[in-house]
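Paired with subunit B in one complex and with subunit C in the other, subunit A is shared by the two complexes that follow.
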Partner chain A sequence: MSLMEKYPKEVKQILAKYPPEFKRSAVMPLLYLAQRGEGYVTKSAMTEIARALDITETEVASIIGFYTLYHDKKEGRYRMQVCADLPCALRGADKFLAELCGNLGIRVGETTPDGTVTLESVACLAACDKAPMFQIQSPDGIEYHENMTIDRTMELVEALKRSGQEGR
Partner chain B sequence: MAHILLRHRDIPNLNVFEVYKKNGGFEAFKNAVKTMKPEDVINAVKNSGLRGRGGAGFPTGMKWSFMDNKSWPHYVVANADESEPGTFKDREIMEQNPFQFLEGVALGSYAVGAHAAYIYLRGEFWQVAAFLDERIAEMEKAGLLGDKLFGTEYSLRIHTHLGAGAYICGEETALLESIEGKRGQPRVRPPFPPAVGLFGKPTVINNVETFANVPMILANGADWYKSIGTADSAGVKIFSLSGRVKKPGNYELPFGKTFRDLIYGEGGGILEDRPIKAIMPAGASSSFIVADDKALDTVLDYASVRTLGADLGSASVIVIDDTVSVEWVVNKTLHFFKHESCGKCTPCREGTYWMLNVIKRIEHNRQAEDVSMLYDVAKQMQGKCLCALGEFATMAVTTGIERFPADFGR
Partner chain C sequence: MADVTLTIDNKQVTVPAGTLVVDAAKRAGLDVPVFCYHPKLEPAGMCRMCLVEIGRPMLDRATGKPVLDEAGEAKIQFMPKLETACTNPVSEGMVVKTQLTSEKARAGQKGTVEFLLTSHPLDCPVCDKGGECALQDLTMAHGPGQSRFLFDEKQRLAKQLPLGELIWLDRERCIQCARCIRFQDDIAGESVLGFEERGRMMQIVSMSEPGFDSIFSGNTTDICPVGALTTSDFRFGARPWELNAAPSICAQCPVGCNLTFNTRREAKADGQIVIKRVMPRQNEQVNEIWMCDKGRFAYHYVESEKRLTRPLMRRDGKLAKVSWKAALDLAAEKLSEHKKNSVTLVSGRLSNEDLYNLNIFAGKTEAILYTDMGGGDLTSLVGVSDGTNIGDMGKGDAILVIASDLYNEAPIWWLRIKAAAERGATLIVAGGRAAKLDRFATFTIRYAYGDEIKTIEDLGGKSKIAEAFRKAENALIFYGSDGLGLAGSTSLAAACANLLKETNHIGRRNNGLVGVWPRVNDQGAWEMGFRPTADLAEALKGKAVYIVGADPAGDDPALAKALKSAKFVVVQDISMTATAELADVILPAQPHTERAGTFTSGERRVQRFYPVVPAFGESRPDFSITAQLARQMGIILEGSSLPIVFDFIAHSLPAFDGLNYDRLAEVTEQWPMVGRGDMYYGGTTYENKDGLGAHLSSAAQRGETFKLPAAKNVKPLRPKEGELLAVPVTQLYDLGNTVASAELLAQRIGAAAISLHPETAGKLGAADGETVKISWNGSQSEVRVRTDEGLAAGVALVPRSFGIALREPMTLTVKPAKKVK
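Entry: the complex of A and B
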């Protein structure tokens, strides 16, 4: 089903935000819409967005490539994006990330074998006073988890695994 | 002193519409639209001495008066990209005191004759954007946003626009490109946004914290605001304190307090009571300040911090103690800037790449000639990049090597 058929109300709302002659502005919100469900932008969604906004597919692809929160391939259902930037690192983020790798049995950039969690190390998330912290990017959006411990993180991972199985 | 920006710390549930309204909310906007000329609003902000809180410290009222009145429509954009490592103040404002921020955007829009304003939030602030959308809907329902406001001809709509993970979009012209649906790469200036901005039209861009000041200035008067702070820097500032301190967090202080007040007073001192070593007053793009007694007793305002060879910027104060090597800090900042360079201009794209390569080499096997090379590359980038990001990437490198030579084996 096409994006416009699936989310007619949302598409209309998005397009109404911008002057009609600058509808290209809608590309970013439409890409978020396209990531709902699968967690990445499919080739057909890319084509559809390009047509709807009168831009080329290459231009849509260049947006996906430039911004880190857009994805063009399927990975873990939940992307655990740990901030390991300077302020968090001064409060133990590197150690937290290393221990997390050990607990999950994967390296940064890898996905757990069941396809639930992809672990990533990302740039500053503006929560420097609440390190260690990470965000979970899922097909439904983004959620912050702050002042985390390994134990609480692993509990969260178990909960995500359960909800992921129910979702199938 | 009661908070001016973080007022939610004094007034519980200030992010609830009725609570904000009961505490004088929206009166400044209503009063301005009904009884003031737009230029009167600009003059009030000018006279208050308010300077932009995003980092550059440019006088806000002056910026607003630069709008080209021969070219229409005008736009207002709130910069809520908040991506500088060490900065986390705008999120607190938007989550806890959202209406004061939105009222500030509305006042700014009225002042420059804009009928549409965009709030550009970093993509990670997904939940914040959803929260703001609900607050905007409440204001529309109450007749505070929309068509023909308060029985006048003035109309205004505020929209949120989510970025998607790119530090560079905090640079104002890259931000405009991003709203226009393009890659966030800075534009060549001039023309500046008040002449040619969003959709090719005159545009005012201010930081979230800047806008949050405006309703209070209009409500209490420019003289009241100017009486707070120092002669150089009027009013209050939110300091985001992070790093090796006992109590990291946001602290709203009038300009004129010292680093010692902030770090040892508000922040409770250094973790495990260790000696302080360095201060980065403006996040990862800071120059290093050697944290001696002179620095700690330096007054926190734009001009005074400059006497230490650094900029106050967005006041994202990262504290470094004696357990931390400045070389390691520089390594961290270079990973960041290499990742975030947009690739448009050669000095920054290549410079950040080479600086990261060299610092990695230094990390594994420090050689004096590599330290010199790192310093040279940074020096060669300075003054040659298209936007400030390239410049930012070099600050920790050059000042780190100059001011903490021992940490580089010099």
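Entry: the complex of A and C
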């Protein structure tokens, strides 16, 4: 289904915000919209956005490629983004991340085989005092999890797996 | 602009205001190393290689006057850090210290090279760029020799990634200068390259379909400062230092781009000298430092297996190899026998010298130019004048393009006219369909095919567009044959010539009429006196025919039929063609790569080309063959010295007056300076050392009095119910004899297809990509349908040189073909 068919009202609203000669600026909100359902921007959505804004697919792809919050591949249903910046690391975030990798059986940047969780290491999430911490990004929004331990995290992952299966 | 004086490395330099420090240094003979900066691109400041010390006169805040030191000299305040020479424009009194005088600048540049090499594979021994690589050269000149970075932290990226079938990317070699991306965005206007990721992970991507979908893609390999971008054609072909360079002119379209052919002797070719690649050669008035992919990749026809190597003669119905003497004797005998009943048919593939000899040879017998486009006599009268340079046109000037899809017909004109429009020139694009140039047009006029003359006449009337054209200081008209045959284009040329005359846009530089011809030297053929004929089939029937450089039988079955009924056919060409198959005598000629000569471009610039490789087999240059044939028939023509033939031309034609081979080989200094030892600056494009050529004068420029013919009003063809209006158009990559043999371009050429508006196609029950049966003028054919929203309803575009012989607009019926199950 095309973006226009899926979100007619939203697309119209976004396009209405920009004067015709600057319509390429609508690329950011449109990409955000396109990512809403699947968690990534499909090739056909890229083409559709490019056509709607009179830019090339390459230009759309390079914007997706530049911003770390846009994705062009199907990955986990949930993105577990662990902050491992210096202040967090001082509170054990780096060790937490390494152990989490071991428990999940994947490396940073990879997705669990069942497609539930993609593990990422990100920069400052503004919760240094509550490290180890991470945020879960999903189609439903963003959720913070602070002062985490491996056990509690694995419980959370199990819960996510279950809710993922129910959602299907 | 006012001039600014500054000091670079203790040297006083005066340059126009706005010049960048890097260019000012260049003009003073001082080289500041660069990677991302390119003189044809806007500065980006991405690579940090051009770090220099810049100081500016200290100003008194109260008075605004320079502060003086004890000696009465202006005090210079240097910035605490190094600055990039490529992003800073010069200012009065500026003092610049480059790496030649500043230890700080040297250290900065050394550090930059060290950084760039932290993630470079250093695979120079297997890299195509090795030997002409900016990174290699500048590392040797400015690099530290050793790296402090950890080898383990090098990026491992894709090394053999085809961006399309023409250009390959090596992501490890890329130094992220973005020259290729900026070229595509700003100069080619086709943003099909981009970066993804960032920092050290930044990589080039192309998402277009087909990959790297641009007809200018090859230029990115010239300006790439490393071996990241290479062409499929030259990849792993040879080392640059083994190559010889021969200057030439592109023979693919009327622009006349200056080229250099790189050759070498190689074992694979039994020790013969072969062409390894084609590179642009600078001519700022013609192609600047660019060329299109057709010119770069389609040259393989000169080494095609179809090349004729020996004269052939028909014996017992079959073509047999014979000696030159036997072939010439028979051809001369038969052409003499039918002297009063003979025709000479030539094409714009030939050089000026060939055509001059051929015209004298034809004498009073019929001499025909093989083309479906008219008006060359008018471009001789009101064509562009001496000194014309599209690159100089901008604000206050106007360019009108009518009935020509320049992107497909003459890509470099498209590129330069687009740039003129971006500089502020009024660009009027008039056509029967949407074209790529529309995007850059100030005004777009969409007429119904058949209304070309009316469109021009309206421009002589009262309207905003007419006003803009009339009031322009300088104006050029490019007219072509998009949707037109001989009658239509002849009439259109007359209408355009009259409009230019009425608006006083003739006889001065940057004013006049330009024909977008189908072949490289059509203009030259018109100058030499050749004219096309309305009914070629009739003209050939029952005659003794001497055909040089043309393939009428291959283009049109009706012409093949006419030739079959000819009394005697002599074909002189470089390759075996459908026409040659019908010949009684075949004389093998040399393409422009095997001989010297001159071509006249659509802008009426005469340019020399030089031999690139030795002659194939026993082939001879056309002007010599014609002279030898003439001698047998008692006509004396110069057959060995091209400069002498050219002198004859200069003495007999006023437009050529004062020109000679030496004059055409003259070079004046061009800016930017490219192709010298500093390939990191302009890229691997060649410096022009062998001639910029010269413009022919027009009758208007010479002040002659002449009368322009009125445009004949051809009644527009309007299709009836159930019919479509079929119009011939030109595609860049077609199945013509000079393109089809380039295997590399096979995918871009595609199959023959007619284009229809989706609605029109829908009514006929044909979807995009389906095969249909078309009938026109008693002929039938099966072709694919391509849908194109830029077309008017009821119009069918029929591409030329794709096996469908449509030479004039015509009505056509389309039926869905029976589906093969």
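One rule holds for everything that comes next: the second predicted complex is superposed on the first by the 159 of 168 C-alpha atoms of A that agree within 3 Å, B and C clash if a C-alpha of one lies under 4 Å from a C-alpha of the other, contacts with A are read in each partner's own complex, and residues count from 1 in each chain.
Here is the rule we go by: contacts are C-beta pairs under 8 Å (C-beta built on N, C-alpha and C of every residue); 3 or more make two chains touch, one makes a residue touch a chain.
Remember, it's a predicted structure, so these values are computed and weren't measured experimentally.
Undergrad: Contact-wise, after the overlay, does A:Thr56 reach subunit B, subunit C, both or neither (first, second, both, neither)?
TA: second
Undergrad: As a test of reading the superposition: which chain, subunit B or subunit C, is in touch with more residues of subunit A?
TA: The larger set of subunit A residues in touch belongs to B.
Undergrad: Now for A:Asp129: first (subunit B), second (subunit C), both, or neither, which partner does it touch?
TA: first
Undergrad: Check the residue A:Thr42 against both partner chains and state whether it touches subunit B (first), subunit C (second), both, or neither.
TA: neither
Undergrad: Examine A:Val27 and indicate which partner it touches, taking first as subunit B and second as subunit C; both and neither are also allowed.
TA: first
Undergrad: Report for A:Phe66: first if it touches subunit B alone, second if subunit C alone, otherwise both or neither.
TA: both
Undergrad: Where does A:Pro87 make contact in the superposed view: on subunit B (first), on subunit C (second), on both, or on neither?
TA: first
Undergrad: What residues on subunit A does subunit C touch that subunit B touches too?
TA: On subunit A, the overlap between the subunit B and subunit C contacts is residues 55, 62, 66.
Undergrad: Sort out for me which residues of subunit A touch subunit B in the complex.
TA: Residues 17, 19, 22, 24-29, 31-32, 53, 55, 62-63, 66-70, 85-87, 89-91, 122-129, 135, 141-144 of subunit A touch subunit B in their complex.
Undergrad: Enumerate the contact residues on subunit C facing subunit A in the complex.
TA: 190-198, 205-209
Undergrad: Provide the residue numbers of subunit A that touch subunit C in the complex, in ascending order.
TA: 46, 55-62, 64-66
Undergrad: Going by the contact rule set out above, which residues of subunit B touch subunit A in the complex?
TA: So the residues of subunit B in touch with subunit A come to 82-88, 90-91, 122-127, 130, 159, 161-167, 178-184, 199, 240-244, 248-250, 284, 316, 318, 320, 324, 329, 332-333, 336, 339-340, 342.
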